[in-house]
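Following are the structures in question.
Both complexes below contain subunit A, partnered by subunit B and then by subunit C.
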Partner chain A sequence: MRKYLTLFIMSWQKQLEVRSDFIFERGRSLAVLFSLYYLWSSLLTNRADVAGYSRSEMLTYVVMMTLLRAWVLSNVTDRIPSEIAQGKLSDLLLRPISHFGYWATQDAASKSLAIGSVCIEMSLFVFFIRPPLLPPTSVAAAGAFAFSTLLAMAMYFQMSYMLGVIGFWTAQSWGPRFCFEVFLEFSAGAYFPVDLLPGAAQKVLAWLPFPYLVFHPLSIYLGKAGPDQWLSILGHQVMWIGVLTLASRGLWGAGLRRYAAEGG
Partner chain B sequence: MKRYFRIWAALAHNSLRTQLSTKMASGGYLIGKLLRMGFFLTYLMAIFKQLPSLKGYSIHQMVLFFMTFNLIDVAAQFLFRGLYGVKYLIEEGDFDKIITQPAHPLFRISSMGVDFLDLFTLVPVGFITAWALSKIPGGVTPGGVALYVLLIANSLLIAYAFHVFIGSLSVRTHEFESAIWVYRDIMTLGRFPVTIYSDLLRGLFVTVIPVGVMVSFPAQALMGLLSWKGVLYALALAVVLHLGAQRFWKTSLREYTSIST
Partner chain C sequence: MPAIEAVNLAKTYVVSQRGEGFAGSLKGLFTRETRNVEAVKSVSFSVEPGELVAFLGPNGAGKTTTLKMLSGLLYPTGGTLKVLGHVPFEKKQDYLRRFSFVMGQKHQLWWELPALDTFRLNAAIFDLDAKRYRRRLDELNELLQLDPLWNTPVKKLSLGQRMKMELACALLHEPELLLLDEPTIGLDVVMQKTLRDFVTRLNREKKTTILLTSHNMEDIETLCRRVIVVHHGIILFDGDLPDLVARFVPAKQVTAVLKEERPRKDIERFGAVQEYNGLRAAWEVPRGDISSRVSDILNQLPVADLTVEEMPLEDVIRRIFKEGAV
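Entry: the complex of A and B
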């Protein structure tokens, strides 16, 4: 356990090494927040609701979505393909630490920094802009939302780890990764609520894991998903974590068998 | 001039060969960019199905703003992407080589990463812009089109100035690599007309962070909604920013210390 703690601290130090870059990197998330916040604020100025979302609900969705982008959708596993391509993986394989644990620890360190940072950014945003934020509909909803968010973090880590492991097959995985992330962000509800899409698109997305990353946790928070639906949402998340874990372990094993330690 | 065109063509050819040698990565990027544009349009359409207008703008006018943002963003990436990597050039020692070569270093660096993938994304941008224009009541005038072209060129000059500012910061400090991404993200605020923002932000977007001048002004000019004062202000701002960026670059070069020749 101690080695993971050391790795966690080292990862923090590395990310804060060039602080200007860290601050700029964090500042990027505010652009999405501002553009969507003011878009919805303008759209709902003289209207009671859009697609069943009142002004307060939609603006709460936008602010909470920004938090979930930092908590759930941040990752560091995009460095795995270069680690494989440059042979640095050989060095890791010789250490008494699991590869999955190594990246999960670094991801946790990155997420903890992002969580701290986004809380400060959001506090400033709330202080200056004073958005009409809604609290969770009940204490139980707050608990279910927190649990659902944790499961979403686990789900996304498995997805991003799998994308990293594709580096065993190609050194050009960053292109497909970019494409995947664009698709994921839109279909997860990380720009707009998924239920704004046409019915057919919603039906297709319901079969995929992506809406369980942002949209469904926020549905719990806003009370759009009632207590009778919580179990289904959490159950789906657990199911997807299981499926993705099996898939990522399978890919890791298959990749390791073809690994030739080039450059290592 | 001819020599500079030859240099640009040679560097662009290198970039194209690099992109063709990484077909999977390049294809993924291209599809990702098209997907992002498609998703945004789908959501915009879905939202506007339930709303007649936003601050007086119809869905087709909103699409025009969004396409203008794409046009400027894509063209700036195509032309100036090389300036994203100034810090990397310094760390690798290549910057020292470039500043000793008989070509303007800014031109040389800007031309190093000509992004041909972005050219492909201009095809749907062109078609969708034409579609949106055909749906705008009253259409557009030749004068409006001429102003649009002029202000797009003006926006590219402003974009270039920002790229040079950020590149200069890297030369001075060997840091601020992420600043270019912050610029890109701030640009995304121009996906929608600046009139949707609060008074304070709107003021910022036409002065300190001129996203409004870069994206909203050309689209408004095309629709005949921009005054002559606005046009003259945009042109003057671009000149001031360009001269400021060039001066900052020169002083940054004077303070540059090599770290890895």
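Entry: the complex of A and C
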């Protein structure tokens, strides 16, 4: 455990040294928040609701979605493919530390900074803009939302780790990752609730893991998913974590056999 | 039990091919041909604990690939390999704790942070308690004079300073086996000597088993008695350095400094001239003819000084690989 704690602290140190990445990421997050907040705010000014979402519900969704973007949809595993391509992975493979654990720790360190930052940003946003925020529908809903968010974090990490490991097969991983992330944010509900989409699209998405990252946890929070649906949502998240874990482990094992440890 | 035992070790890479120019790149989007490259064809050797062995060979001979298989980084496509009783590719914790691999062009130190932070991380990764960590820092500091460098961000260190830090960091956990790939590459002569002295002490005092590759012949001559010569993925020679020279170069170098200048035709009478500048001449003389040829030179030329030496190792190696002596 000591090695992961030391790594966690060093990852923080490194991020504080390389401030520009962090600042730009926070800027992007605020830009998304302001644009979506004012878009929905004006769309719902003279309307009672959109597809069952009242103005308060939609604006709460947007604000909470910004929090989940920082908590769930942030990761550092996009560095894995370049480390594989340049042979930097070798340094890690030569030491008695799990690769998965190494990146999970770096991810946790990055997330913890992002979470701290987004909480400050949100407090200022709420203080100055005074959005009509709704609390969770019950204490139990708050608990289920928190648990579902934790599972979503684990799910997204497994997903992005798996995508990083694809670097064993292709050095040009930026393109696939960019396309994947655009599709993911759209289908996760990181721009708007996915139940605004046509029925056919919703049916397709129901077979994919993405809505379980943002949309379903927020459905629990807003009471759109009742207690009778919580178990199904949490069960699906656990199932997806299992599937993604098996897939990323399988890819990792196969990738290691292909690894050429180039550049040295 | 040998520290390293490799039997018919082989590694074939699958390399994708791409056509030239834009058309080639465009075609590569749809079809990509591959070809197999045998980096190591069949290599068998064993190394006893405490040995210091050099891997020699031209670029692309398979030296680094062999070291990478020994370290477990690469999956061998043939043969069997045991290092410190383990199959390296399995990457068992016990194995990873007992060896270290230093690549001259790679670094494990965190670029943005002071080197001491990476040392602290490695101490945690290798489970060194505080007392042992402190002792190792003191030992490494004494050997490599690292004191002024601990708190400087790695990116601010010179290449030589960084290499010292890399080596120290790789040795923090006192590995039984050290693999060194081009450890002196890019270093100035002072740093090269510091590193060589350090490696010698490590091998002599700690009995660390060391395998190294280097294109720097001074590294090989100073450090290693045993050499393994690799070419085109197979072993051409495995034995003591003097035997390598005797086997592949059936001649020695006789050098004479003359009291007065002599024309080149007078010099050429005594054998194949390697060097001549009027007052100094060097010949390549077959080993069996040394005494008679030296006697002739001393009798027929105004010699001020004369030496008989093995051919420079660099020439030997060049000859082995270029002139097809093997």
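Please note the rule applied: the second predicted complex is superposed on the first by the 258 of 264 C-alpha atoms of A that agree within 3 Å, B and C clash if a C-alpha of one lies under 4 Å from a C-alpha of the other, contacts with A are read in each partner's own complex, and residues count from 1 in each chain.
We take it that a contact is a pair of C-beta atoms (placed from the backbone, for glycine too) under 8 Å apart; a residue touches a chain by one contact, two chains touch by 3 or more.
Just so it is clear, the structure is predicted and the values come from calculations on it, not from any experiment.
Asker: Counting only touches as set out at the top, which of subunit B and subunit C does A:2 meet: first, second, both, neither?
Answerer: second
Asker: In this superposed model, does subunit C or subunit B come into contact with more residues of subunit A?
Answerer: The partner that reaches more residues of subunit A in the superposed model: B.
Asker: When the two structures are overlaid on chain A, which partner does A:50 contact: first (subunit B), second (subunit C), both, or neither?
Answerer: First partner only, subunit B.
Asker: Looking at A:18, would you say it contacts subunit B, subunit C, both, or neither? Reply first, second, both or neither.
Answerer: So A:18 meets both subunit B and subunit C here.
Asker: Applying the document's definition of touch, where does A:146 land relative to subunit B and subunit C: first, second, both, or neither?
Answerer: A:146: touches no partner chain.
Asker: Go through the superposed model and pick first if A:134 touches only subunit B, second if only subunit C, both, or neither.
Answerer: Neither partner.
Asker: State whether A:261 touches subunit B only (first), subunit C only (second), both chains, or neither.
Answerer: Once the two structures are laid over each other on A, A:261 reaches subunit C alone.
Asker: Is A:181 touching the first partner subunit B, the second partner subunit C, both, or neither of them?
Answerer: After superposing on A, A:181 lies in contact with subunit B but is clear of subunit C.
Asker: Touching A:108 in the superposition: subunit B (first), subunit C (second), both, neither?
Answerer: In the superposition, A:108 contacts neither subunit B nor subunit C.
Asker: Once the complexes are superposed, what residues of subunit A are shared between the subunit B interface and the subunit C interface?
Answerer: In subunit A, residues 18 are touched by subunit B and also by subunit C.
Asker: Considering only the defined contacts, which subunit A positions touch subunit B in the complex?
Answerer: Subunit A residues touching subunit B: 18, 20-22, 24-25, 27-28, 31-32, 34-35, 38-39, 41-43, 47, 50-51, 170, 172-183, 186, 191-192, 196-198, 201.
Asker: Tell me, which parts of subunit C touch subunit A in their complex?
Answerer: 13, 64, 68, 71-75, 91, 93, 96-97, 100-101, 103-108, 110, 112-113, 117-118, 120-122, 124-127, 153, 181
Asker: Taking the complex as given, what residues does subunit B use to touch subunit A?
Answerer: 22-29, 31-33, 35-36, 39-40, 42-43, 46-47, 50-51, 54-55, 173, 175-179, 181-182, 185-186, 188-189, 191-192, 196-198, 201
Asker: What part of subunit A is in contact with subunit C in the complex they form?
Answerer: 2-3, 5-7, 10, 13-14, 17-18, 87-88, 90-91, 93-97, 256-257, 259-261, 263-264
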